[in-house]
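Read through the structures below before going on.
One chain, chain A, appears in both complexes that follow, with chain B as partner in the first and chain C in the second.
Our next item is the complex of A and B:
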């Protein structure tokens, strides 16, 4: 309870800090809308031209895109900018100061760096999803609704766990940011169905960089499509991926904090 | 008196990946990483009693910050044991954190864009400080360090001196038993340094808070810390009263005399000639009881002096002198 109150206070302080730079905040939001609109436009153009991508039509692809945006934004809101800036905290030594406070450094970093910018992503994701659900051919039942929500949470967990595991390498190697470009390289591919990629890339996206679990695997399950390589295991694996990678991230975080050497000096 | 800190044969070795030049080299260090071991602290032992104020001193890279980080639970020693208030800091990090205060001179713990008061309020919640005690501490410390005029200003608008005063007050709000300060006066102007020093000496005296501070500035030690621990090249080289160090070392001041005409070689008994550039002569005054007047008297009235510069030894120099002589002069 105490931790929760502190977390809430950290979020409020962070929002007030961000509001000190309102101009930058709104420019950032506009840039975001333009970026997302253009990536969605690319998908629309592709479908307009070829009618479908590996059996996925416009409503399917729209659902996939909205799931990709919403799952990512929910996970990234509690991990991306915070963990990207961990490198800076280590370099400047402010991570050291955190370790001298009676509070979990993870909790402090995540909530004091809470990025309200993601509210924009989340609203966009919800709007697109409402549109997609309106037109997508899903046979809804209580079970599919529950599955859909659970797999969305699992996607957010995979995203947060991965972004966290990349960031925490800064605790050991001081630098981590180059690894994010690898992550985002694969992340951009998750806007498209897994089926369109060669088997090698499919394999990578289901194992080493398992971002397929943040979009095309669960969405294919909901749409009743076959998932390459996973087959009948797909529904269960999509749900288990989140808790599994969160657990892995927690273990890695503990190990990294224990092995932390500081930036030297 | 109870020992609040016990450091026994502590060493800390950092593993640093070896870097090789060029792209191939970068690839090599990625595929088959090799490490060099850098010893930051080597076999250091000391004990600190409740209520003491101790200066931890040494040149850059001597392992001062590393020792502070091991005592505050940030780093784990490679060997040996550290005990703070009866606990091993890195094992009981949270528990120790409630009972100590930490100030890093070069890294702020305040929220840059928000008023100082907001950071204090967050601190109150993180440390669970009862409201009455918090109000009382804040009022008293804020008064002593004159924080009131800027409590409501954003931290980014404060001067370095104001910010450091705020950092120190924040570290004391939860009534810590031990206060660790890593270079608390670095970069401050003379007035701010003086205010910080007087305040720290006072909280040590009045509240019995144990203080351990690292510094480059001998004046910090003189005002705040009767006891001095000196390290160099990772090892402890001196532990004792400042007075003892000084009397053992004497004060090797440096004197430069500039003459209008070259007086030729000019050896003196009161000072040792260390360099002779003709018009400019450099001396070292090794004995404490020799004054500038004594030296000038010996130089005599016949030689016209254009300029005189007398330099007190800085801390780096004291340590160097000390290090060179420690085998014969002072038992470490």
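Our next item is the complex of A and C:
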């Protein structure tokens, strides 16, 4: 309970400090919205010319894109920049001082660096999702609505867990940032249906880089499409992936903090 | 001139020191190139030719798409100028007998050449082994591709420097990096060549300087431009490069005047 209050306090402090530069903050958000819209425009140009991509039409791809943006932004807000900068904390030795504080270092790092910069992603993601849900061919029932929300949460959890696991390697190897370029290589692929990729890449995206669960698997389930490799297991696995990878990340974090020796020298 | 060559050389050599990163980047690039090829294979389905363009040509286009954008990073140019502005380092550069934007470009050119040699070429060869790649349409087109590639690099970095210099007025380079990405996404022809664009969008995109970064070099390789067109478009590209260089020179002159206002 006390931890929760501190987390909330840290987030409020972070918001207040970011809002000191309100003009610059919103200029940056608008620039991000424009860039994400341009990536979506490229997909629109593709389906405008070719009608479909492996059986996915514009409403399907729009839903996929909005899910990808929303799930990623929610997860990354509590992981990406914080974990990317962990490398710097380790190198400078400032992580060591966190270990002596009467609060979980994870809690402090994540919430003191809570990234409200994802506000732009969230605004765009919601707008696109409303548009997509308007035109996408989904048979809505209470069950599908509940499933949709739960799978979006699961997607955010996979994103946060995976970004955290990349970042915590800095505790052991000191450097971690180059691994993020592999992450973002695969991350860009989650804007497209999993079906279009060679089996090798599909396999990787369902296991060691589980990003397929952050967009194309749950969205295919909601749209009633077949998911390659997973078949009938897809609906359940899309929901279980979040909790599973969060658990894995928690275990990895504990292990890494236990083994942490400092940057040495 | 020799000073800028030295900056480029040191940019190249510093990359050698981070070999782990190169492996990670190589893998990241490989995934992206595979993805571009996969998208086109999926679109073509069973069809051999769409709109007069064969799947082999599109796979080749996808592989060539990273020749400049896979090697060159605009972030370091835009961000580098923004960083120098924020930290005040830019004042030190005013004392030196070098042109600051040219220095930033030169050291990034060195890094780009490194990435081209050790990242782009291996990934293209590797993916080409799986999917095949067409050779240049003729010896002339191959030679012109090389010239276009150099021009593409120049245009790419000049645009990046222009964006970086705008930071002197906007006081943030973060949004400028993102905006440059937005323009590259749409107007360079990275994923979709302009012949698949709806008109008049395609016609407009062909006229803008971004087109020389990906679209024209790849179109030349594939022989979609006649020799006369190759030369004419190259001339227009040179014109764009000159105009951009003039823009950078002008903005830098204005900007260095503003630094005084910001100092302290």
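Couple of notes before you dig in:
Just so it is clear, the second predicted complex is superposed on the first by the 258 of 265 C-alpha atoms of A that agree within 3 Å, B and C clash if a C-alpha of one lies under 4 Å from a C-alpha of the other, contacts with A are read in each partner's own complex, and residues count from 1 in each chain.
In this text, a contact is a pair of C-beta atoms (placed from the backbone, for glycine too) under 8 Å apart; a residue touches a chain by one contact, two chains touch by 3 or more.
Since this is a predicted model, take the numbers as computed values, not measurements.
Superposition note: with chain A as the common reference, chain B and chain C can be accommodated side by side.
The partner of chain A that touches more of its residues, comparing chain B with chain C, is C. By the touch criterion defined above, A:141 reaches neither chain B nor chain C. Residue contacts after overlaying the shared chain place A:48 against chain C, while chain B stays out of touching range. In the overlay built on the shared chain, the residue A:201 is in contact with chain C alone; chain B does not reach it. After overlaying the two complexes on the shared chain, residue contacts for A:13 are found with chain B alone; chain C is out of touch.
Between chain B and chain C, an angle of 90 degrees opens at the CA centre of chain A in the superposed model, to the nearest 10.
Of all Cα pairs linking chain B with chain C in the superposition, the shortest spans 5 Å. Taken together, the two complexes place no residue of chain A in contact with both chain B and chain C.
Contact residues on chain B toward chain A in their complex (touch as defined above): 14-16, 61, 65, 69, 72-76, 93-95, 97-98, 100, 102, 104, 106-109, 111-114, 118, 122, 125-128, 154.
Chain A makes touch with chain C in their complex at residues 24, 27-28, 30-32, 34-35, 37-39, 41-42, 45-46, 48-50, 53-54, 175, 177-179, 181-182, 184-186, 188-189, 192, 195-198, 201.
Those residues of chain A whose C-beta lies close enough to touch chain B in the complex are 2, 5-6, 9-10, 13, 16-17, 20, 92-94, 96-97, 99-103, 258, 260-262, 264-265.
Every residue of chain C that touches chain A in the complex is listed here, in rising order: 18, 20-21, 23-25, 27-32, 34-35, 38-39, 41-43, 50, 170-172, 174-176, 178-179, 181-183, 185-186, 191-192, 196-198.
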